[in-house]
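The two complexes that follow have chain A in common; it is paired with chain B in the first and with chain C in the second.
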Partner chain A sequence: MRQPRLREVKAVSSGHAAGGQLGRNSNPRLPASPSDPRILAASLRAAVGTPRAGFGFPGGCPGSRGLSWAHAIMLARGLSRGWRGICAAALTGAPFSQVPSQAPRGLHCSVAAPSSGSSLVPRPPEPPRQLAKPPAPHEELFRLAPGGARDRASFVQAVQNFGQHNVHKRGHVDFIYLALRKMRDYGVERDLAVYNLLLDVFPKEVFLPRNVFQKIFIHYPRQQECGLAVLEQMESHGVMPNKETEFLLLQIFGRKSYPMLKFVRMKLWFTRFKNVNPFPVPRDLPTDPVDLATLGLRRIEPDLSAKVTIYQMASSRDSTGTADPTEQHIVGIQSPGQQAALARHSPARPVFVEGPFSLWLRDKCVYYHILRADLEPPEEREVEEIPEEWNLYYPMQLDLKYGRSAWDDYEFDIDEVEEGPVFAICMAGAHDQATLAKWIQGLQETNPALAQIPVIFRLTASTGELLASSSGLEEPCPPPAQEEEEEEDKTQRQQQGQS
Partner chain B sequence: MALVHKLLNGTYILSKCLKPSVASCPFLSTRFADYCSSSLQKPVATPGKASAQRNSAGGLQGDHQREVALDVTSPEEKPEVSFDKAIRDEIKEHFWRLKDEIVNHWIGPEGRPLQEVIMEQARVVWQFRGKEDLDKWIVTSDKTIGGRSEVFLKMGKNNQSALLYGTLSSAAPQDGENSQSGYCAMISRVPRGAFDRKKSYDWSQFNTLYLRVRGDGRPWMVNIREDTDFIQKSNQMYSYFMFTRGGPYWQEVKIPFSKFFFSNQGRIRDAQFQLLLDKISSIGFTLADKVDGPFFLEIDFIGVFADPAHTEEFAYENSPVLNPRLFK
Partner chain C sequence: MMVFGLRARTCWALRAFAVSRRPLRSSSRTHAFAKELFLGRIEKKEVFPFPEVSQDELNEINHFVGPIEKFFTEEVDSRKIDQEGKIPTETLEKLKSLGLFGMQVPEEYGGLGLSNTMYARLGEIVSLDGSIAVTLAAHQAIGLKGIILAGSEEQKAKYLPKLASGEHIAAFCLTEPASGSDAASIRTRASLSEDKKHYILNGSKVWITNGGLANIFTVFAKTNVVDSDGSVKDKMTAFIVERDFGGVTNGKPEDKLGIRGSNTCEVHFENTKVPIENVLGEVGGGFKVAMNILNSGRFSMGSAVAGMLKKLIEMTAEYACTRKQFNRSLSEFGLIQEKFALMAQKAYVMESMAYLTAGMLDQPGFPDCSIEAAMVKVFSSEAAWQCVSEALQILGGSGYMRDYPYERMLRDTRILLIFEGTNEILRMYIALTGLQHAGRILTARINELKRGNVTTVLETVGRRLRDSFGRTVDLGLTGDLGVVHPSVATIVEEQMVLKRVANILINLYGMTAVLSRASRSMRAGLRNHDHEVLLANIFCTEAYCQNLFTLSQLDKYSPENLDEQIKKVSQQVLERRAYICAHPLDRTS
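On to the complex of A and B.
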């Protein structure tokens, strides 16, 4: 059986001629009851003519002889789906979609056929969605005034306009769903005041249950689902509701309603998980790439005494306003321990510049390169000897066993992955060898030993191009692979490292 | 008996495969966790229970509960042409396992001497040192519901770690049922004994989960499933967050088991209870942070240990507002 889409259902209910077309195309495979279903709109009746036998209009009005079994099943399924949607959506995080929530509208509207999946008659491929989508109701409220921008003020204006033209707030559920969808375009999805304004669109005290029967069943289920959708979008963007939200929900739905229950849950679990991230990233990331790079470098380098050095700022735009600056920013970080290790590094063994590796800061991805050496083979590892000082009065070195007693062993029975030491990390705007060579030159100022050590560039991804060597720099032997950028860069390192 | 069991198992899987979309609404349908590990069939396509986990505080969405193993680690192995030989091999292997189990029972729990097991305070449960270690894991993504995320698992550098990488895409599948999408998960297989009996892990003497990982700054979610003999239990899991720092250094993540919160069918429940450690079935990592783009997670090993400084039993109180029945 064909499942009519939501818009087609609406078209049918509003009595367009197109709806008649859809009605006729619906699959007549349903076993027809003797009571043919009456067709809703007068135009439909006119278009179709006399109802034919075997016309299985999905979920039309029940005929004169009462509800046929097919319609009863469809209505039951639709209602039960709505019920399930409510129950499921009432708990924290309700990802119900809007299609089933709006479909069952009672006995007098066409009910969307149950989504059984397979249609018995092969349909021609549907036209692309963008063309066939009719405008959503109240969409004209969000139409931009000429010269207007999509910002908070225009969004608030649109929401307020809804109430003005429509005293009885007809179609407020549709409007709220539409506004929720539009929030991201207007950039207000994290604004609590806007969410409260949107909740204000609901008429107050109309949906409160007044007797025990209304309390037993979900009173005004579509409106409760809509309230849940607002709260769910707040939750998914991490917006904490406040007392005003609570008061609004009390006024609109009452204390025992599902939106109120979700609000209580949000209050509980948000406060529990507020500080659960041991490495928090600020909500508003800096837009300046140098600041972003500094933030990222401070995050990945755990040594607090490390110093961030800006080797090069991004060159400012020319007066002509060319799009790409010739110089990219280069920001590096190195801790004193790494500096000492690099000074001790023997010039016989090369150091490698590897990268770029990705680092995600909330929703921004930055790339960093590291300067590291391979692990020394065990025979070459030097044990540092601290010159022994001794003192008559007290021992300078105590060899006490601070470890636990014999039966306490908290070590894991596995050899941890050992990798070579990292000497410095940098984040640059470009990932090519020229930019990184500048970083190495900048590093040479604080690490004079680097001038003698050969540096090999192991750059992966398509932007890692090999340039001619200069003094002290060598070219890497294996070329970078032609992988997509989504592939992990370390795989290349592995392949090259093992060569 | 093995043949009967396999027949039953086989038809069971067949019947599940015949009805791909069991119900329009996933909440009331029952999902069975069944990982077939027989050598006859490739370990693929069993409807399971990987539910999408959103990492926002307190919010979980649970409508994606069908799981297909997108195991791209081992190359395609041509199945044995001789059916009888395969059956015979299978029978032999199961009897071998049975013999091992009986012998191990005499030595001690899981084949290790009792004294060693009792005194143990840190145990490595999963390590990634070879290809066979990767076979103990299944990777899934929202491709099972029609999304476009991709996830792959392979050995990392020098065969010293496992690399889980891919691309997350939160484009919702246009099937009218799911309005949100975008998750990737890596789940461990349920350990199997002789005749494919389900075994479970016993971690009752430990109290902290230890992971040595290297991520890219994305927040992950660690899910632990208990023994799923009952139908309702197959939808329940205990979860907690794992925040990766990013960077070239290895990160040690220690999560006490008392911090895991309980969820059913992907939603946090009001009635919370602590995770009981005596019958753990599997562990999983999920990424669903609604940010499109590539990701990677390198795992060195996963272990459990008994932290003597951690005395908390359970981190979450039950609230009388949400659960009046618990406080009567």
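On to the complex of A and C.
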């Protein structure tokens, strides 16, 4: 009763419509070490093609079969992450072609967001743009009903429809890959229940290894990869699997399987890495640029008594690109200590407005400016002396005539580089002198001493290396506003990474 | 006052005369006991035998104590004072007629001219009501003390008689919103008028006890002083300000936790014209005046708290012996007995310390006992809080009820740890003043050792040998070679180390005081001296063990010394300004 069903599913789900034996063992997507350009190219070709295109492949290089098995095992046992990112292109199934170009992406993400959606793992591939003409199988399940919205309910409906329309679960691997890609559009990429629902699409107990050889070698590799892809997408969105996930994986793949190994590792490391960042960034960043600037400034300034001042609000949200200084938001931060330092600053020495410097908050980049001064030359520095009549109760100083000799010095020899003081930080909608002058004006209200001190604007023309290396952008300054397409951010980062 | 005998009167007059000429100095006058302790020496002749008063004096005190005690137990309604937040006028009048407003004012100015010992004795009774005790202390321990210590003859003649009689009440105005113990941040300013006959005083003072009642204020303000090298500096000057000078206003009385009957409020000075002859001490010498006033007023807290504790022991013992649980009275339970032993022991120690210090202060030559006084204050205020808390424990639920006086005592006691210099600041004072004294002598010795002075080397080695043979108890006050820790230059910043040094010294002084007193009681055959010996023994053993532990903590790399970790924890907490641990119910998955 069981056996025929198994064979049928196997044949269908491997996506090659070939005899199970061949499709399973020859597995074009497994490993192909990237150092073997021939195989990589071949598998890429297989990857970009339709499922049918991949069909002819296994016969194409039968000689490499044994080699790629060895590679497969090595790879699965833990090749380094970067390699996996690149290999993933070859690994993760037919329709994904964009991956190699995205591989270096993770390296340029915000350092402050290791647990964010855009973590070091390559993002689950976007639907191919240039090859979008032949629709992916089961695409019709995600076609919106008239008046329907892309939300959790419709996604769940689509997944359930697959089960209903397809009693034998024909093509479920393709469907799961498709669903994984669609998750972001439906806003369910952080929903554990949906991931469990997706895993539930797999037929149960079919892929369980039944003998020792099946256990040693990867049993149903394509299905296991698909399971891994689900888990990896969970990982990249920081979704912690639960008991139900474990139960499903046990039912589908059994204990000695790669998805299960992945699951156990996630269980172990997620808990340890969840709070590894002492300065967590909120998962959902505020969309309002003023709120975002406030968040960024608070992250830069360690002093909790520092006060955030909104010197100017943008007159209208849409006009962030215009260069009118009266319409940009200006948000500044200053701590009482900085205020005191500015009050003490000698009017003979100028202060500088410098910037813009970039600060990444998850996938958003904000730019800030600082008001700083050069380090005072040692001869001008006031020696802080303890006033004679200071403390009413106890002596603040013991005047002992006892010079400490070298023997009494317990301190390590540390070289410290002193820097000039930073008096205030601001984030503004525009980075020209007119806008920043407004900031200085606002600062003068709380820092009367600033009126006497010459202020020199030392603004860099561009907003840093990022834009300097990006030639494709329409306008080099001002930098991309937060509302801009994320795609462009990505291309910038890639170009940067490649340069 | 008529009750005082001629002999005592002449004696006090003499003393008062001497007091009036007392020079104003903050440096040490004679070798005081506590400072020598820092060098590891015990000046036995300073503390043995325990100071005594003559039989005549004693009779007179007792004669005088009687009516005051009667008045306090029968007529003062502490509960009413606490509830209404005010001492009734008739009570104040009675206090004035008893002469309690001029206890330490010399007799020639109409006061009682009591010695420090007598003052301590009366403090025991006055402290039966916290509000009255604080009002009186603010009036004479700090309010008019400046005039006695630093005032000119004219100032004394003009102000002291009325202050001593209680016709005028004095207040001490030092604290400001921005300035607690930091004299540099005082904002009140006095500027010389154009005719150079007046100072114009402007500024606000906060938390002034008696601020609403007082007619005479000792005010500290910044003045411009031309230095010897011609530069103009801001320096503190003390002024005697009458309310009638004009421009003196006060805010409404503060609502306080304890001592609610005392009047505490803000005092504002607005263009108050202070005649130039009302400068107390020298112009620009206000800092030393303030320091001397603060340092001189502390020793009496020991006896005051002891008086209160004695009363408390009576009340709780009554309860413990009558209350029955499981057919046994509370007094039969070990944990209750322990608390009574603790109260008796603390009362005994602080009494001994207070009277020993008072006796030292009464000795001719005006020894500088400010360290001793600070030790008495720290020990007695902490013991008071601990004992009252334990007493509440004995009383159980009824201790917590407003119907009983205990919760009021608890509230009143809390202020003792805070005013007249918080205990933290006083510990710094004790440790640093002592270390300064010891440091000067020891660094001189080290420098000689370094230079290879043979005499000093031999002397040092000889002393070590002598100590190792001769002394059975290693007091452990000095390190190897009898020198202090080399990081003495930065010691001011090492507050946790200084606290330990101060604790050791306080314990040592307490041990000395009880040994001195117990041995005197034994020798003189006083009533129940065996009980005193028991108390002395308990305290000395406990304090010795504490000291050994503290000394081991002073070692930089000792396992008992957790300073680094403590600093780290507090740093992390303060950085975030919150308790940063995850909730025990939190999960990561």
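Convention: the second predicted complex is superposed on the first by the 278 of 499 C-alpha atoms of A that agree within 3 Å, B and C clash if a C-alpha of one lies under 4 Å from a C-alpha of the other, contacts with A are read in each partner's own complex, and residues count from 1 in each chain.
Quick note on the criterion: a residue touches a chain if its C-beta (ideal position, glycine included) is under 8 Å from a C-beta of that chain, and two chains touch if they have at least 3 such contacts.
It should be emphasised that the depicted structure is a prediction, and the values quoted were computed from it without experimental measurement.
Chemist: First (chain B), second (chain C), both or neither: which does A:304 touch?
Modeler: Second partner only.
Chemist: In the superposed arrangement, does A:254 touch chain B (first), chain C (second), both or neither?
Modeler: neither
Chemist: As a test of reading the superposition: which chain, chain B or chain C, is in touch with more residues of chain A?
Modeler: B
Chemist: Taking the superposition on A as described, I'd like to know which of chain B and chain C A:227 touches: first, second, both or neither.
Modeler: neither
Chemist: Pick one for A:269: touches chain B only (first), chain C only (second), both, or neither.
Modeler: Touch status of A:269: first partner only.
Chemist: Based on the superposed arrangement, let me know which partner A:398 touches: chain B (first), chain C (second), both, or neither?
Modeler: Touch partner of A:398: chain C, not chain B.
Chemist: I'd like to check the shared interface: which positions of chain A are touched by both chain B and chain C across the two complexes?
Modeler: 270, 272, 274, 302, 407-408, 410
Chemist: Spell out the residues on chain A that touch chain C in their complex, using ranges where they run on.
Modeler: Of all residues in chain A, those touching chain C are 240, 242, 267, 270-272, 274-275, 302, 304, 387, 389-402, 404, 407-408, 410.
Chemist: Can you check the complex and tell me which residues of chain B touch chain A?
Modeler: 21, 24-25, 27-28, 54, 56-63, 119, 121-124, 127, 150, 154, 156-158, 160-161, 163, 165-167, 174, 176-180, 210, 212, 216-219, 241, 243, 245-250, 266-270, 290-291, 293-296, 298, 300-301, 303, 305-306, 316, 319, 321-322
Chemist: Okay, in this complex, where on chain C does chain A touch?
Modeler: 174, 181-184, 235-236, 287, 290-291, 294, 421, 425-426, 428-429, 432-433, 435-436, 439-440, 443-444, 446-447, 486-489, 491-492, 575-577, 582, 588-589
Chemist: In the complex, go through chain A and note every residue touching chain B.
Modeler: Against chain B, the touching part of chain A is residues 5, 81, 84-85, 87-88, 91-100, 114-117, 129, 232, 235-236, 238, 261, 264-266, 268-270, 272-274, 276-279, 281, 296, 299-302, 357-363, 365, 368, 370, 372, 407-414, 416-417, 422, 425, 485-488, 490-491, 493-494, 497-498.
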